[in-house]
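When the chains are written out, they are named A, B, C, D and E in that same order, and each has its own residue count from 1.
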Amino acid sequence: MDIATLIGIVLGLGLIVASMLLGGSLMMFVNIPGLLIVVGGTIAATLINESLGRVIGAIKVYMQAFFVKPVSAIELIEKVIDLAAKARKEGLVSLEGEDIPDDFLARGVQLGVDGLAPEVIHAILTGELDTLKKRHTRGQTVFRFMGATAPSMGMIGTLIGLVQMLGSMEDPATIGPAMAVALLTTLYGAILAFVLFLPIASKLETRTKEEVAHKSLAIIGVESILKGDNSMVIQSKLDAYLSPEEKAAKAAAE
Amino acid sequence: MDIATLIGIVLGLGLIVASMLLGGSLMMFVNIPGLLIVVGGTIAATLINESLGRVIGAIKVYMQAFFVKPVSAIELIEKVIDLAAKARKEGLVSLEGEDIPDDFLARGVQLGVDGLAPEVIHAILTGELDTLKKRHTRGQTVFRFMGATAPSMGMIGTLIGLVQMLGSMEDPATIGPAMAVALLTTLYGAILAFVLFLPIASKLETRTKEEVAHKSLAIIGVESILKGDNSMVIQSKLDAYLSPEEKAAKAAAE
Amino acid sequence: MDIATLIGIVLGLGLIVASMLLGGSLMMFVNIPGLLIVVGGTIAATLINESLGRVIGAIKVYMQAFFVKPVSAIELIEKVIDLAAKARKEGLVSLEGEDIPDDFLARGVQLGVDGLAPEVIHAILTGELDTLKKRHTRGQTVFRFMGATAPSMGMIGTLIGLVQMLGSMEDPATIGPAMAVALLTTLYGAILAFVLFLPIASKLETRTKEEVAHKSLAIIGVESILKGDNSMVIQSKLDAYLSPEEKAAKAAAE
Amino acid sequence: MDIATLIGIVLGLGLIVASMLLGGSLMMFVNIPGLLIVVGGTIAATLINESLGRVIGAIKVYMQAFFVKPVSAIELIEKVIDLAAKARKEGLVSLEGEDIPDDFLARGVQLGVDGLAPEVIHAILTGELDTLKKRHTRGQTVFRFMGATAPSMGMIGTLIGLVQMLGSMEDPATIGPAMAVALLTTLYGAILAFVLFLPIASKLETRTKEEVAHKSLAIIGVESILKGDNSMVIQSKLDAYLSPEEKAAKAAAE
Amino acid sequence: MDIATLIGIVLGLGLIVASMLLGGSLMMFVNIPGLLIVVGGTIAATLINESLGRVIGAIKVYMQAFFVKPVSAIELIEKVIDLAAKARKEGLVSLEGEDIPDDFLARGVQLGVDGLAPEVIHAILTGELDTLKKRHTRGQTVFRFMGATAPSMGMIGTLIGLVQMLGSMEDPATIGPAMAVALLTTLYGAILAFVLFLPIASKLETRTKEEVAHKSLAIIGVESILKGDNSMVIQSKLDAYLSPEEKAAKAAAE
């Protein structure tokens, strides 16, 4: 998915640059003060409501998400069934020291081994899930805010350019180029928002949903282990959350 | 419904092409670089937040939905009443091997035959329904995102064209045609969004609601069978979910 | 209310036509191809996500709503109190064959007479209410979609007109009239959306709320009858849902 | 608050008129047909979805709200504590005939004196609160609808003016004034929406929240009286809903 | 965070002023009547729905929030564990007079010392949290309203300027400067909304979320103390709400 995102950004910017080159020189589209007002203005507005540290934190979380490959839902379900079978035979305590590839599942099992009551474990795991949701939502909020602010800053830049052009309109021949420059900030704002910030915000939203779905599955799994459900019940319960493709992959593997 | 969708797309595009032809040549509306920036830019932005595989998956799910004709609500209710009557007389196990046309209902009944507790069955079926809702919502999200992105890409293309035109405005006679070309990307973006992406997103939403309603009915049916409700109670419970037209059709059939 | 709606539509269109006549000829505002692209395009986009049958169904439901005069909340409350008193004295079965003007209330009472358990009756009545809400919401969705699509189609029509005008700009004298024609589709789209589709969608929303409130009152009434509440309790419970005007009207009548 | 609203409206309109006068004559901004299409069109569209009686009713409710000064939260809490103390000592029935300045609290206490069960009283009071919320929400909806419709009508008026101007463009000297007139309807729509309708809708929303908060406090108070909570518990429970300013005012008064 | 907000505002305004200076004189961008209509109009519209006192109150709350440094989540958790250990050993009453740096936690503990039942304490603390949320939401609403109104007022100002310019268009040479002046109000509205009001509204939203999360943690802590949970359970329960950075900081400190 990492690669698709990179391809998307490169492809989007590439198409725009190509289309600029087709019509003449790329230099026609470079305007440093305009770039400053759009990029700087967006950063400024973002700083007003979010510390720089938090923005960098959001980006870091985002980056991490690319490189941590999650355990697949199918593997997770298999692991849960194994653990439950063992727990039924040898008791919950026998799960101590088990190798569990999914961190969140491992944490839930460990809490059970530690002897905490099921409802306390449930409260802890849903608490962690809530915290994760809030943290991710915050990252999305930052990028959505930037996606809404960049075009506004572009509009402010264009208005400033228009006022300057209209206020000192001596030679009609200069109107065209002056207006072209004024429009550049609107263009910058649109590119930043629609090619960068808003797609990234959407991507964060998609990833959050995936991670929440995965962790919810782990919570149901932990509950089943604690309750001592048998394999067939666990299988039926957890399979309900697989997509048709995952179900087909699983059936093919069996 | 399949046909109405096709008719809608063909009719919409046909009207637009007809209206272009009326005012002169269709070639006036073809601009390959503009088409590239709008279509390519929309695909690029979509790739940033969704893997290509997922987009193709969404389209496949969508296509499938056209060709799988669902069992009607009336038939479903009749089947539920038959099954419940048999279960009351001969026990739940007698439903083993019954021919049940609706897959979801069949699955619920099978879980009952397998001896799972009603609340476990309920958890499994609502889990599947949730998973279906999430998958469909995701398909809608992709198309809505494309519907929001296409006009933005069109605007970016038009801004690029305007800047190029205004930056090199020597011969006033070329302004008109240059501006016409610049406006084309906005037109492309609008057509893609309003004739294709957004109506398809709405259609997916409509289908999701239908499918969720149908599966919810099946869940209530399974619960009634497990509880051993008598025919009249089941009839009254399930009829509550029929539309006036379905009720009229049913009354006419009786 | 029927009449207010008709007056509203006639008044709105009348004002627009009058304002067109004031500035010259009405013919200046007629453009058959433009009308085709806006009306046809809106129908096409609607067909993509909704079968024609469903759209006509939505309109039919809408029309019916005008001519079925609902029982007033005050009459409904009085009837509930009468029925509850009779049920307390002579038993629930004595309500068999009672003349109950409100269909929904009658249905609930009949289910009680038939001996169904209160919680089953509650499930059935709220099921019917849910189905009604979904059906009405769907009608609103269709009109809102048309209200969002018509201006978009108008914009597409105007863009086509502008491209044609700009692409073949030989005689400056033709610019004005050509641009006027191009703007017509935007005008058509705006009139359709803001004078027809969106107000009708709002009206459907208002009616839905009224009908839901009325049926919710009936559900509370049925529950009170089944529970055997005394007149004073029922009165207090149901009066809580009257508007100040209805309360005043009731106090005046007593 | 009444006065602030009036000041707001007068100040907003005054600033606009002043700014018109600064640039020349006010007559330049008067265009009766344009005013008719915007004001009349907005009324027409509103009539389509809401009877005139209801709109007038909404305005009446709104006016009333200005002149009925609510009992302050602090007084309400004190009264609740007094009533609860008396009820604990002399029984609930001793509250009969008590002078209770807040109508809603008085009603709840009366229901308790009448001997209704606490859960019935709770159902009645929350039912009344729901009805109030719905009624107020409806008023807001009307004004928001008008706020969305007025600029649309202004746009329709401007489009009509532009088409007429462009369609008969003989003397270039008339373009300016004709366009000025065409723009007037957009201006009217914006003033109506942004200076009148939308702020009033917001104000109704604010008032609703205040009234709901106040009545919710009364409901908690009634429950405490019925339960026989002691003064300290009631105090702690109700103080939780005071704003920091109210707490400070209360502490200062003690 | 205070400083980041200030830096953001200064940076944003600085960039805009710099960009104005680059193109010529700053005086070109000063227009007192335009400023009056945008700033005054926004204040007027805000006054219509909110008393001046309330707006000032919102700003005061906002200012306070900067200077009250909250106790960190980690310290809060440690304090809760200490208190719970002491309460388990020496009884709840021994917590009387304990020095608790977090006000909200202190309040909850005091209510427990006072002997109130856990469910009453829970009702009181969540009541306070609700009141805080409502108060903060109201502050956000005011700034969002101003952020939506300022550009509208800017548009009204620009329309007035355009009508005046177009209505008296004698000397084509004056068109440019007149239009520049007309555009200024749109620029003012955009700067106010996008550089001031909307970022501040977002900041208030962020702060509210932080404060709600912090107080929710305190509520869970109080509940654990009252229930007599042991240290390990409390630790696990509360750690679930820490961010990864906080967890790392805590692990490093141990």
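We adopt the following convention: a contact is a pair of C-beta atoms (placed from the backbone, for glycine too) under 8 Å apart; a residue touches a chain by one contact, two chains touch by 3 or more.
Small disclaimer: the values here were computed from a predicted structure and weren't measured.
Participant: Same residues or different residues where chain C meets chain D? The copies count as same if more than half of the interface numbers are shared.
Facilitator: Mostly different residues.
Participant: How big is the rotation, 0 to 180°, that puts the C-alpha atoms of chain B on those of chain D, in steps of 5?
Facilitator: Answer in degrees: 145, to the nearest 5.
Participant: Hey, how far is the Cα centre of chain A from the one of chain D, in Å?
Facilitator: Measuring from centre to centre gives 39 Å for this pair.
Participant: What is the distance in Å between the mean C-alpha positions of chain D and chain E?
Facilitator: 24
Participant: What are the residues of chain B that contact at least two other chains?
Facilitator: Not one residue in chain B touches at least two other chains.
Participant: Tell me the shape of the graph of touching chains, choosing from line, ring, star, complete and other.
Facilitator: Per interface graph, the chains form a ring.
Participant: What residues on chain E touch chain A, complex-wise?
Facilitator: Those residues of chain E that touch chain A are 1, 4-5, 7-9, 11-12, 15-16, 18-20, 22-24, 28-29, 176-177, 179-180, 183-184, 186-187, 190-191, 193-195, 198-200, 202-203, 205-206, 209, 213, 232-233, 236-237, 240-245.
Participant: Can you list the chain A residues touching chain E in their complex?
Facilitator: Per the stated touch rule, the residues are 33-34, 36-37, 40-41, 43-52, 57, 61, 111, 114, 116, 120, 123-125, 127-128, 130-131, 134-135, 138, 141, 145, 149, 152-153, 155-157, 159-169.
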